[in-house]
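For reference, the structure I am asking about is given below.
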Amino acid sequence: MATINPEFGKELKKYGAFDYNACYNCGTCTAICSLSTETDSFPREMVRLSTIGNEDDIKASLKPWLCYYCGECSSNCPRQASPGELMMSLRRWLTSVYDWTGLSGLLYKSLPLSILAFLLTAAAVIGFSIRENFDLERIMHVGHYFEMIAIGSVFTVILLPNIIRMWWFVIGKPKIKVPAKSYFKALGELFVHMFTQKRALGCDNNQFRWFEHFILVIGYLTLLFTTVFLDWFSSSNLFIIILGYIESIIVFGVTIDFVSSRIKKSKEVSKHSQPSDWFFVIWLLLMGLTAFIVRLFIDLNILEQNSWMYLFHLIILAQWAVIIVPFGKWTHFLYRSFAMYMAKLKIQS
Amino acid sequence: MATNAQPRILVFSTEKISDPAIDLAGLLKKHYPFTVYTISVPCSSCIKPRWIMRAYEKGFDGVFIAADGTDCSYGESCGEKTSHIVTSTHQLMRDKGLKPSQLKMAALCSVCAEPFVKHITSFMKELEKLKYEALSTK
Amino acid sequence: MNTKTRTINIIKETRKVSAHVTEERKKYVKIRKTILETLKTEGKTIPQIAADTNLPVAETTYYLMTLQKFGEVTVEGIDDMDEYYIYKLKK
Amino acid sequence: MNTQYDVLVVGAGIAGEESALKLADMGFRVLLIEKEPSIGGKMILLSKVFPTLDCAACITTPKVSETARHPNITLLTLTEADSIIKENNGSFSVTLKKHPRYVIEKDCTGCQECETVCPSIVDDQFQFNLVARKAVYIPFNIANPRVALIDIENCMLCGSCEQKCPSNAIDFSQKEEIIQVKVNAVIVATGFNLFDPTLIPRYGFGKYKNVITSMQMERELAPTRPFNNILRPSDGKTPDKIAYIFCTGSRDQTCGNAICSQVCCMYSTKQAQLLMGALPMADITMYYINIRAFGKGFNEFYMQAKDMGAKYVKGKVASVSEKENGNLILRYEDIATGKVTESEHDLVVLSVGLLANPAITSVFKDETLEIDASKYIKQPELLQSPALTSIKGVFVAGTATAPMDIPDTIMSAGAAAAETSGYLKQLS
Amino acid sequence: MKKKIGVYVCHCGGNISDYVDIEKVKDAVKDEANVYLLKNTLFACSDSSQKGMVDDIKTSELDAIVVASCSPKLHVPTFRGVAARAGLNPYNYVQVNIREQSSWAHSDQPTGATEKAILLVKAGIARAAESQALTPIKIPTTNATAVIGAGIGGMRSAIALADMGTEVYLIEKEMSVGGHVANWGNLFTANINGNELAASLHNEIKKRPNIKLFTNAELTEKKGSIGNFDIKVKSGNETLPLHIGAFVVNTGFAPYEPVSGEYHFGEYDNVITLPEFKKLIDTPASELVYKGKTIKKIAYIYCVGSRQDEEGDNKYCSRYCCTAAIHSSIQVKSKFKNITNLHFNRGIRTYGKQELHYEESSKNGDIYLQFSLDSIPQIEKKGNKTIVKVKDILTAGKELETEADLIVLVTGMVPRKNENLTNQLKIPVGRDNFFNEIHMKLRPVETVIDGVFIAGTCQSPKNILETLNSSMAAAAKANSILTKGEMSLEPTLAMVNPAACNLCDNCFEACQFDAIVQTEYEGRKVAKINVSNCKGCGMCTPVCPTDAIDLADFTNAQIESMIDALTE
């Protein structure tokens, strides 16, 4: 027996949900969704659970992560209840539920707080630079180590506990029995989805969007690898230098397209952008672009004179690493992959 | 009347509902035997048993009442009343040695041309059989 | 008997027959002939007629039903599966 | 022809007929115009009507002939109002356009000899394109007036009909006529438009032959039906798994029609009952959102359909796809289980909705005939005098105001007659 | 007596003559008794033919004419007109259908078609020989109507009738007018209050001198028939005799009263009905308070008293309640802060434009839960909390529960009990116990009792708009019958031969229209037809044991002579 909680809607609206109350439960959204199957039917179920405020069932559900927001549900909804946007909002809400620090929720719900966080991070980087007397070499050196440390600590302190919390809501708390060896067997699912997001291919007419995402993920991950482990900015290996250029072009090239479609609101998915969506694409764009320019300045030998450029890049990098990656939309990438993994676990239970 | 001629049927139709259906059968050139004659009345519940008996006396082999069914504009009881007329006429027919199957009743809507033709064709076949049997027992 | 002037000549002066109308008519004449021809030997169902005449099946339905409406063909019976009616020429 | 009338009634469907008859019975002189070649509107084309299942023709034809014969009613078919202008004295100056029939109405005996010789073939719009008709034709068997007309756009101009006509009724010299009349009041009874399902491409209407509209099914079930049996159009097979998709074009913001069409639930339920009678072995499945069985005897009728075996599935069909054999796959969420489900049917009927038909508003030249948010004629005093419109002396009846069923239409037409009569009495 | 009959056989331009041998027909009937004149014609219905017939009738002084052509449905009025123009009684005209029922029906066997046509024409001649001149019956009518019930519908009927020139007696049982609506606040589909609407209609009534309103009044006596009823109305202590032509019955509905214990109605103090709730939200206040408790969460339970199962009486849907409840929920939300509405329904039926209210309420955040009849919501008390539990169809049958401050039972409409009126007017009721019309579509405001019209919610549940439409439609119907001051009835009615009548009650029972009355004939009591009620169906004729009743134009003589002719 579940208790109806009308208050839940008010909370959800802070995460961007709107008009989903208009739903009259015809099921068009669920049947039109090409990812929806007899075993995993959505989004109406999520709309319904949100309407009656059944938080526990939503927390235990992986369905918000199974949606890749092609927007068919929203554009065909007879009541214009925007089920697609509700799914997006649920993803934001779930992110904040998984996040043990509670910061994620605060940042999603409050734009001023988000801006403050960005400003503080920027101030910290600038403060550090002042302390170092704007010594470019020193700053670049620390910047390089900062990247490594940030990756490690964000993952162990924030993301890993959050994924464990996700597991708890989805599998632990509902007492789903999963044989231990399944956890290994299903790992393949995790990596395949993490690197390819192949599920998004199931969306109708989505090949191009999937391809964009695919090369973006590859570009982003390899750029990360190239800068952190191959030390792109300091490398003199021509292959590494060119690789870095290509990767950074991919990152900002693809994100330019994403930003412009959000501005044009041309697709259902880009009609209702929240600040967190803007931060994600713009910072990704800036990351790629500033990395590209920094390396270009190095190759043109003008970085010394324009050390502000690296500083700018570092600010972006720091904001990305301490705000967007642990608490922002970046986590969707992680949770989606783990959702596929846990879905596999549930099947094997 | 020659016994080998095809049976003759008198149809009582209703002016507003079943007669238009019979008209429509003609209009659509849905053929039926020409020895079927129609007398149209306001409502099937006004058909007197004596008229039906008169028809047999004068040489009709069968009488078909094309009733209105539930479409009757005079009210719902018309079907029931018509059935009553059929029952009491059956009594009279038995007294005269006529077979009850020589009197048929069916509801026809105003565009039921095809059902009319079907009813009449099967009724005609039955009457032919009756006639043949009567002939062979003689 | 027919004493009135032929009014068709009046309208012919102001109107032209569109190519589409002529096309449709030609098509009908041809299809009609084909269908009636194939039914000469025996009654057939719509899929059978379509197969025999190489006409698309939906088109066959449309024209056969039209021929039925105009009184040129009629139902003979139904196939063993009670699925398809068998149509024959109306004498 | 007389040029002075008390009332002009625009539209001779059941609403227009009822208003005209009531006013004529009260002694007013009524001019009734109809743009189609026959009066009777859409109702005359129906099979049977819910919830009593009496045959539509049996109900319509007496009203239609009474209208055509009434001494106080002048009836013009193939006629449209071109402009209606209010004069200073409150009366209306009306310009009518009467399209040529190319057949002399009073001479035609309805023998259909002309049809036998006409070489031109065209989709029969009165059978909703399920079969063809000739270019010279009688609209349908129970048309009134039951006289032929020539569809000049599709005519070969061969003149065979003129030669064949036994009563010399064909007259190609007819021209469009402009008729000027003065009336004291106008009743708008222009009815509704049917929703065009090609606007929902997901349902495949127009692409898949076995997806038909409820109006086409209505014709298939009518006694003067195009196929003479219930058949599916792709290959003439007798269907045995029939699906109804409710709310096609109703309660749907994506096609711009947020309101409920009020009749589709019941006419679909009626068709299901008729189909179960005609095809006792067939499975009928109704995919619905809510069942609007609200009127007198409706809920009982709905329960009866269920008892007879019609399956009602809560869930709106999202899409239809075709298999090679012409069968159709419907994808929907079964709300009862919350699961996406696919089902196969060999015939799909779209329960199309009713839409407003606001074309008449452009005819009023000096004052605006206002429409409401759903594009129906606005009733400014809805709960006091529902037949009033935004123009004094112009009244409205039937589905020109909102979607409604036949009894409600007749009531609304009666109300318009009462309102008009009161208005005319005050004028004089 | 030998009659002079003119017979015309139509070729119908080949439609008949292509299959029926017209000359053979003429030959066969030319020697029939009574045939005075016999012609064939290319088109009997053509203008020239009609003129020729008029001349023939006049010059040959014909007693009857027979036209053998197409279906009577097409041209009986045409040729009756011909007869009338020539001074011949229209009922001395007989049409024989040799097209639809001979030439076309038997185009496959022309000989047969000819043989049948001959017999049909002979039968027509025989019928014409037995035909009698009949005159349409005219009865004077009084242009006055009694409208019973001064709710919204009754008042609107009265105003419409008065505007059309009919005298109106508006009879209301209560002390005040407006019925239920007068107690209601804001109404759906229009921005007006119920009490304002009632008051404005009342005001219109006061303006019209030809409406006489009687409150605290009832009908105590009714005599007579359509056009001329003598009634008595008791108003207060006075009893007034009135003469009217028709009744418009607009007595409205009664709200369904939940049986004790139904959803704990009467047991829990916070379970109320929709009408009570409507009243509650109309009271001016800044907070919604019921019995001292502030109300924030409201649960509406739909279909209370409607759509009942086998055990209940009310199988019908009450039509107005879904929208009324939703409308109230929108009102309550706009008027008071922090209200949560929970709608426990069985499928929302906001038909037509009312769907927009449903949409609005959903967008407002109202929560809809759907249950089926076999698992209705359960209400229970936990301490001082009221809990509603439901198995929600929309959540895949999941069991849900919620607390609620107030439970509103969305009650439907039931027929108002009014035995006195039912006894007086004898209006039949349908299976739902509401008054029944003759035919839902052809004659939706008429009852089998001629001159007694019904409108509004006494006929079936309706909303205000529908009530108004039916009330005005009933007014239009009544006025169209009464306005001319006389009624013309088809003369093809039943006739009693008093000499043969033994006065049993068979015909009284057979007649559905109350058209048979008793009269005196040569000192005996016999049956007589009340022509103003007779519909000419003839149902009474076969039941007479002494064959004393005949139907004009369908007499024994006519039908039997036709049968004889067909078997010659």
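Order of writing sets the chain letters: A, B, C, D and E. Residues in each chain are counted from 1.
Just so we're on the same page, a contact is a pair of C-beta atoms (placed from the backbone, for glycine too) under 8 Å apart; a residue touches a chain by one contact, two chains touch by 3 or more.
The model shown is predicted, which means the values in this text are computed figures rather than measured ones.
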Between subunit C and subunit E, the fewest steps along chains that touch one another: 2
Intersection of contact partners for subunit A and subunit E: D
A-D compared against B-E, more contacting pairs: B-E
Innermost chain, where centres are averages of C-alpha coordinates: D
Per Cα centroids, the chain farthest from subunit E: A
Greatest separation from subunit C - chain, by CA centre: A
Centre distance in Å when subunit A and subunit B are each reduced to the mean of their C-alpha atoms: 82
Subunit D and subunit E: spacing of chain centres that average the CA atoms, whole Å: 23
Separation of subunit C from subunit D, taking each centre as the mean of its C-alpha atoms, in whole Å: 28
Between subunit A and subunit C, centroid-to-centroid distance (C-alpha), Å: 64
Residues of subunit A engaged with two or more neighbouring chains: 24-25, 45, 48, 79
Multi-partner residues of subunit C (at least 2 other chains): none
Numbers and ranges of subunit D residues touching at least 2 other chains: 52, 54, 62, 228, 251, 290, 335, 338
Touching pairs among all chains present in the structure: A-D, A-E, B-D, B-E, C-D, D-E
Touching residues (chain side subunit B, partner subunit E) in the complex: 8, 10, 15, 19-20, 22-27, 29-35, 37-43, 45-51, 54-55, 58-60, 73-75, 77-78, 81, 85
Residue ranges of subunit D touching subunit E (in the complex, touch as defined): 22, 25-27, 49, 52, 54, 59, 62-63, 65, 69, 106-107, 109, 111, 113, 146, 165-167, 251, 258-262, 290-300, 303, 314, 335-338, 372-374, 376, 382-387, 402-404, 406-408, 410-415, 417-419, 421-423, 425-426
Sites on subunit D touched by subunit B in the complex: 52-55, 57-58, 61-62, 141-142, 222-224, 228
Touching residues on subunit A, where the partner in the complex is subunit D: 24-33, 36-39, 41, 44-45, 48, 75-80
Interfacial residue positions of subunit D with respect to subunit C in the complex: 102, 115-116, 119-122, 130-132, 135, 152-159, 162-163, 168, 170-173, 209, 226-229, 231, 233-238, 281
